[in-house]
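To keep things simple, chains are lettered A, B, C, D and E as they appear, and every chain counts its residues starting from 1.
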Amino acid sequence: GAGDTTDDGRQRMTFLNILPLESLSYSAELIADTKGFFAARGLDVTFETTQGSAPAIQTVLAGSAEITRIGDIETMIAAGKRGAPLVAVGEAIHRGTLRMVSARDDAITEAGQFRGKLVGTPSEGGTSSITLDLVAGSAGVPPAEVRRQVVGLAPGVFDLLTTGRIDAYIVSLDTSVQLQRTRPEAVVYDPNSAISAGAQVYATSRATAQDPAEQDKLRRYMAAIDDAVRFIAADQATGFQATMASISSKYQVPALGDPETAREALRGYVASYTGGETSVGISPQRWERTYQEIAGIGQLPPGLDPAQWLVAGIAPTGTVTR
Amino acid sequence: MRTGAPMSQETLVHHTDAGPQRDRGTAGAGGRAVGLRVSGVDKVYPTRRGEVHALSGIDLEIGVGEFVSLVGRSGCGKTTLLRVLSGLLAPTAGAVEAGGRSAWVNGRRDDAVFAEFGLVFQEANLFPWFTVVDNVALPLKLRGVAKAERRARAAELCATVGLVGFEDSYPRELSGGMRQRAAIARALACDPSVLLMDEPFGALDAMTRDRMNLELQRIHADSGATVVFVTHSINEAVFLADRIVLLTPRPGRIRSITPVTLPRPRSVEVEATAEFGELVVGLRRELDEED
Amino acid sequence: MRTGAPMSQETLVHHTDAGPQRDRGTAGAGGRAVGLRVSGVDKVYPTRRGEVHALSGIDLEIGVGEFVSLVGRSGCGKTTLLRVLSGLLAPTAGAVEAGGRSAWVNGRRDDAVFAEFGLVFQEANLFPWFTVVDNVALPLKLRGVAKAERRARAAELCATVGLVGFEDSYPRELSGGMRQRAAIARALACDPSVLLMDEPFGALDAMTRDRMNLELQRIHADSGATVVFVTHSINEAVFLADRIVLLTPRPGRIRSITPVTLPRPRSVEVEATAEFGELVVGLRRELDEED
Amino acid sequence: MTTIEHTDGAPAPTADAGGEGESPWMRRLPWISGPVMLLVLLGGWQFAVSVVGVSEFILPAPGAVAGALGTLLASEDIWGHVGITLFEVLAGFGIALVVGVAVGAVLGRIAWLQRAVQPALVALQVVPKVAFVPIFVIWFGFGPTSKIIMAALLAFFPIMLNVMLGVRSVDRGHRDVMRGLGAGRWATFRNMELPTTLPYVFTGAEVAIVFSVIGAIVGEYLGGSEGLGFLVVSSLNALDAPRLFAVIVLLAVLGSLLYVAVTTVKKLVIPWHDSVRTGV
Amino acid sequence: MTTIEHTDGAPAPTADAGGEGESPWMRRLPWISGPVMLLVLLGGWQFAVSVVGVSEFILPAPGAVAGALGTLLASEDIWGHVGITLFEVLAGFGIALVVGVAVGAVLGRIAWLQRAVQPALVALQVVPKVAFVPIFVIWFGFGPTSKIIMAALLAFFPIMLNVMLGVRSVDRGHRDVMRGLGAGRWATFRNMELPTTLPYVFTGAEVAIVFSVIGAIVGEYLGGSEGLGFLVVSSLNALDAPRLFAVIVLLAVLGSLLYVAVTTVKKLVIPWHDSVRTGV
């Protein structure tokens, strides 16, 4: 709903989450909402869920929502390979949040070990699969030598590991934390040690990013996210007491049911928040590096200018300190 | 149509005792205004095994208010002819007219022509989802008669056909003969000006049948309706009809048309008269000759 | 059962001219071995509107090879009694026996008792997915007769009932009377030792009916089958039966049992005899008295 | 020779039993068999978990699920989710019923039209709806509309095909009666085709209500943050197996209740039909 | 007074037209209407893209899709995917047909059993299958088995319910005939219930074949790396809209062909039934 305002004069905008909103992955959004950072910036943000990033991109391109948060890989492929008028305007999670889980008796701790393995992915042809290509590629393993199998996402997938149906599978940061706590035999591999791709960026359509009125909303949105990220990072000192309380005041996040796991996951997210050069900005150098990595495994044509898919001046500059 | 004209007895005698082919071609309505007319009607049923020629060169005029019986051997085409007359079956060739209007226009039935027809089929064809009284009241319902009124009229008709006490039964709770009687009541419900009946009393015992015959005669006299009545009982045909049309099979043709000049109203005693006996014997002989 | 025993004529006369309640209670099989026996049979149909008492206190013994006709007014319970005899309907009270075995054991039908029964229903009940010859051959198919053999036998039966040329037609391509004849052929297909027929000739013209009557008489004589034959024609009942059971309605009770001692085989001329006439008139009078 | 007296308590003889109503024993049966089946299911489940040793992440123990169900039912917003899903299912089913009966009745009578549009209808069915989620969003927004459409799409086909079968199964004799009475299209539909077709409509509806539930849930998977389908996804994401199965139990109960509602309506609307008198 | 002569070429009169076979015109109609409908569809589609301006990432232009379809069909492994999906659909449908007819026939005859197990069958239907994917995988592996089960599950219900309706719609007179002949259960089924039920089975099968396609595709979404469902998801995730729609077109064609196959079999198997004689 572009242009609409609420009774008290706040502007409405829609954010698309590609997972259920009630997950720690969206802590920044949840805090910005519950702590009133959006309201303070004159925004009334509606969260809508789409299943996966592809519909989110399509919906943003169609103008039915202003902004979404997706992987840098998807953004580049959409813009670079498909020519979609999609641009990144900010980045809150600077380090990849995907993790590869394997079982202790056949643990995977290095990229090279993926050769010949059967890896479960949540969905076919998406970020997780390309991330796996990148990881394997970083150790000189061609993508074709890593077999993969869509296993979806369910509590029982880990048992496919233990029964030997798969050798590893790809999960999100929260899930990996939870698995490590509930399944002692789980071994987690962090792809950030091998690749620089994997950040999560705020994306919008080029048309939205170029419209001055919309630009203003986006700017305020990113500012509120900046506030939220700083709030959470600062809250680490108190063991995320305030963060968890604030989120729980409005949202029923299942992960908060187990505060220890939640703290662990939040620590991971804070590491990701603070892992960039600026708080919510995109580092052009890293952006370029990511492009090179993806082009290196043939998922993007070589010789493009990835800066084309960036719109600077929307995310506030400034760094966070932990 | 609801003129209540008394039955005229001056119908022309078309029947002679000469050879079996006599009287084919034109069969007049007997001096009355023509109510139903079929001319040159052929009916061929296409089946997987080839064509079945059910009717061939049927010409027949039926006067307004006339009572015509159709007799003939099983499978000779009586039902087919009745269905052609009722507009339910398109003839393969030939024309059908009712009340001076052509029934078929460009291969489509002209529904208006058949609006005042009452039909009784060889099967009862009651709707299992309606009770007896609702089945009987159906024609009234279609004409928009109010519920209370049509139920009252239907109850009356149930009494006429001897179904008192079964008004609220479902058809499956009736015996075969009772079902057929309900179907007759349904056909009478909207005071039809043309009544086409296909062996309506076939499933009835003699007593009930006699009573129904008298009832039908009364209805015919009171309403002045044109009636075409298929039966396999020659006695019944003679008892009821002004003219008797005899069909021969394969393909169905009109073999003869016999006028019945017995005075009306006829009582059961008429069956004992010599004239009645002669007519019956004559017709039976004709039927027997076929072999 | 396939004894081919000649018809014995020494059946006991149970019928007297005394009051309408005479002869109820026991109705013997007339000196033969008992083929079918019902005793104290009551049938009550429960309906939404309360109970319909269709049969009350029926006691009847039918001898092996005997031909019994059931007559009575429409709705008096003929079909109900036939269905009870055929084991299709459980009596509300009372016992049914066939060939000395009880038909109902703990509320379940003993199928073996009815294995050699042939049934003709008031409706033809042909299967629309079978051709005429396949419909007729169905009982043979169920008995495991080879295809060629059963088709040959079925074709013979089609000829018996006058359906030559229609063997490969589907039922919907037949006239009403032809369908009923196919149903009769089906009932005859497995040479039943007991034949239960519900107004089988109701839809036939007089000629065809006479022929079928003669045919049925021949079959009965040749096979020695026990036959129970529902009809609404008293003439037909007298012509065919050894004994005539007259039912009165509401609830259905046996009013009288009339033995017919006319010599067999009977030809059409028997209808002109005084004895025949007396029997018909007597039965008709009895029926008329009911009102 | 035994004399039988059928009294009310004894099981009715099988012959013509249909016509004689059903015994009270039959009517009470589901109330006995239901719990028995449930116990068997729970037993088998518990057996799988504790003896076969199926991982509790794949199949949590019944006790754990019961606990999660308790928590779920105690939470305030569960009824909101149930209500949303119920609304979507009923709305989708209602649309499918009306459109399915209308389209089925028309196509059943007009053979050339049926031949003409059938391929399109089939294609519409098999096309994967995931592909159209963004179009749905653009056209209908994020609300329940797209889920209702999903439910209606899945429910439509069985109803339509069954109505078509029903309209074509009309007895020829009955059709003759109506044509003989010169009944118009509407009167014919009202008095003959509809009653003939109702048993078919109900069979279609029994299939359809189940598929509308599936449709609504799938719709909720694909987008939105409300309803039981969303709870399934969020439990999956939270790796909360007991809660997942608790939601599944809720869904199974909801589906069964809706199904029972349809069969109950059937019994009220078409008491004359054999499919009612001999059971269900 | 006009004299009518119905010759072969003229449209048959509506009265009893059903009994007189269908005109050649009718038989040719789908071959005319099909392309016409296709053109209308393509026109509307092109209109949406070029005039309404739906984004090409949501709805690519027909031309782009045709191009992608060409590429897709030219690639070698597409037939492998089609084959896998076809196999899953047919296997699932076959299982559903056999089990559905058997269960439907049994439940249709034994009312108490039907009452007892119906709730379980309904619950089985509405339960979201995503939750059981890991169980499926552990029990049946990643192969086509779990997709076949999915297809069979979705297809089973309409067949079963229609068979139940069919068995209960058996004419009472026909039943009397078989009981009068002392026919056993199997003979009764073979000669009476099956022929009566076949039109219902086919209506169920028409619904079911469509739902097996849906089931197999959904199964492929949830796991596995083969088949058209896999191609849908991978195209979707790669944001390759033209390819996505090319796969959808393939699916629509596949589904329609399967549907036409079922109706063709119907025409061969039950030529006597009205639903055949009055059109498809």
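Methods note: a residue touches a chain if its C-beta (ideal position, glycine included) is under 8 Å from a C-beta of that chain, and two chains touch if they have at least 3 such contacts.
Nothing here was measured: the structure is a model prediction, and the numbers come from that model.
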### Message
Please report the minimal path length, in steps, between chain A and chain E on the chain touch graph.
### Response
1
### Summary
At minimum, the number of touching-chain hops separating chain A from chain C is 2
### Summary
Contact tally winner between A-D and B-D is A-D
### Task
Could you label the chain B-chain C interface same or different, taking same to mean over half of its residue numbers are used by both chains?
same
### Query
With chain centres defined as C-alpha means, what is the inter-centre distance between chain C and chain D in Å?
48
### Task
Could you grab the centroid distance between chain D and chain E? Build each centroid from C-alpha atoms only and quote it in angstrom.
18
## Note on the structure
chain B to chain C, mean C-alpha position gap in Å, rounds to 30
### Task
Measure off the straight-line distance from the CA centroid of chain A to the CA centroid of chain B, and report it in whole Å.
84
### Residues of chain C whose C-beta touches two or more other chains
45, 87-88, 123, 170, 172
### Task
Two or more other chains in contact with one residue: find those residues in chain D.
15, 19, 58-59, 130, 134, 138, 172, 179, 221, 236, 244
#### Entry: Touching two or more other chains - residue numbers and ranges from chain A
55, 58, 62, 154-156, 159
### Message
With touch defined as at the start, can you tell me which chain D residues reach chain A in the complex?
### Response
55, 57-59, 75, 77, 130, 133-134, 137-138, 141-142, 221-225, 230, 233-241, 243-244
### Query
Touching chain C in the complex: which residues of chain B?
45, 47, 49, 52, 71-75, 78-80, 122-123, 162, 168-170, 173-178, 181, 198-199, 202-209, 232-234, 284, 287-288
### Message
Per the contact definition, I'd like the list of chain E residues that touch chain D in the complex.
### Response
15, 22, 26, 29-30, 33-34, 36-37, 41, 54, 58-59, 111-112, 114-120, 122-123, 125-128, 130-131, 134-135, 138, 154, 157-158, 161-162, 164-165, 168-170, 172, 179, 199-200, 203, 206-207, 210-211, 213-214, 217-218, 221, 229, 232-233, 236, 244-245, 248, 251-256, 259-260, 273-275, 278-280
### Query
In the complex of these two chains, what residues of chain A are touching chain D?
14, 19-23, 46-51, 55, 58-59, 62, 64, 153-156, 158-159, 162, 175, 178-179, 252, 254-255
### Message
For the complex, give me every residue of chain D touching chain B.
### Response
19, 171, 173-174, 176-177, 179-183, 187, 191-192, 195, 270, 272
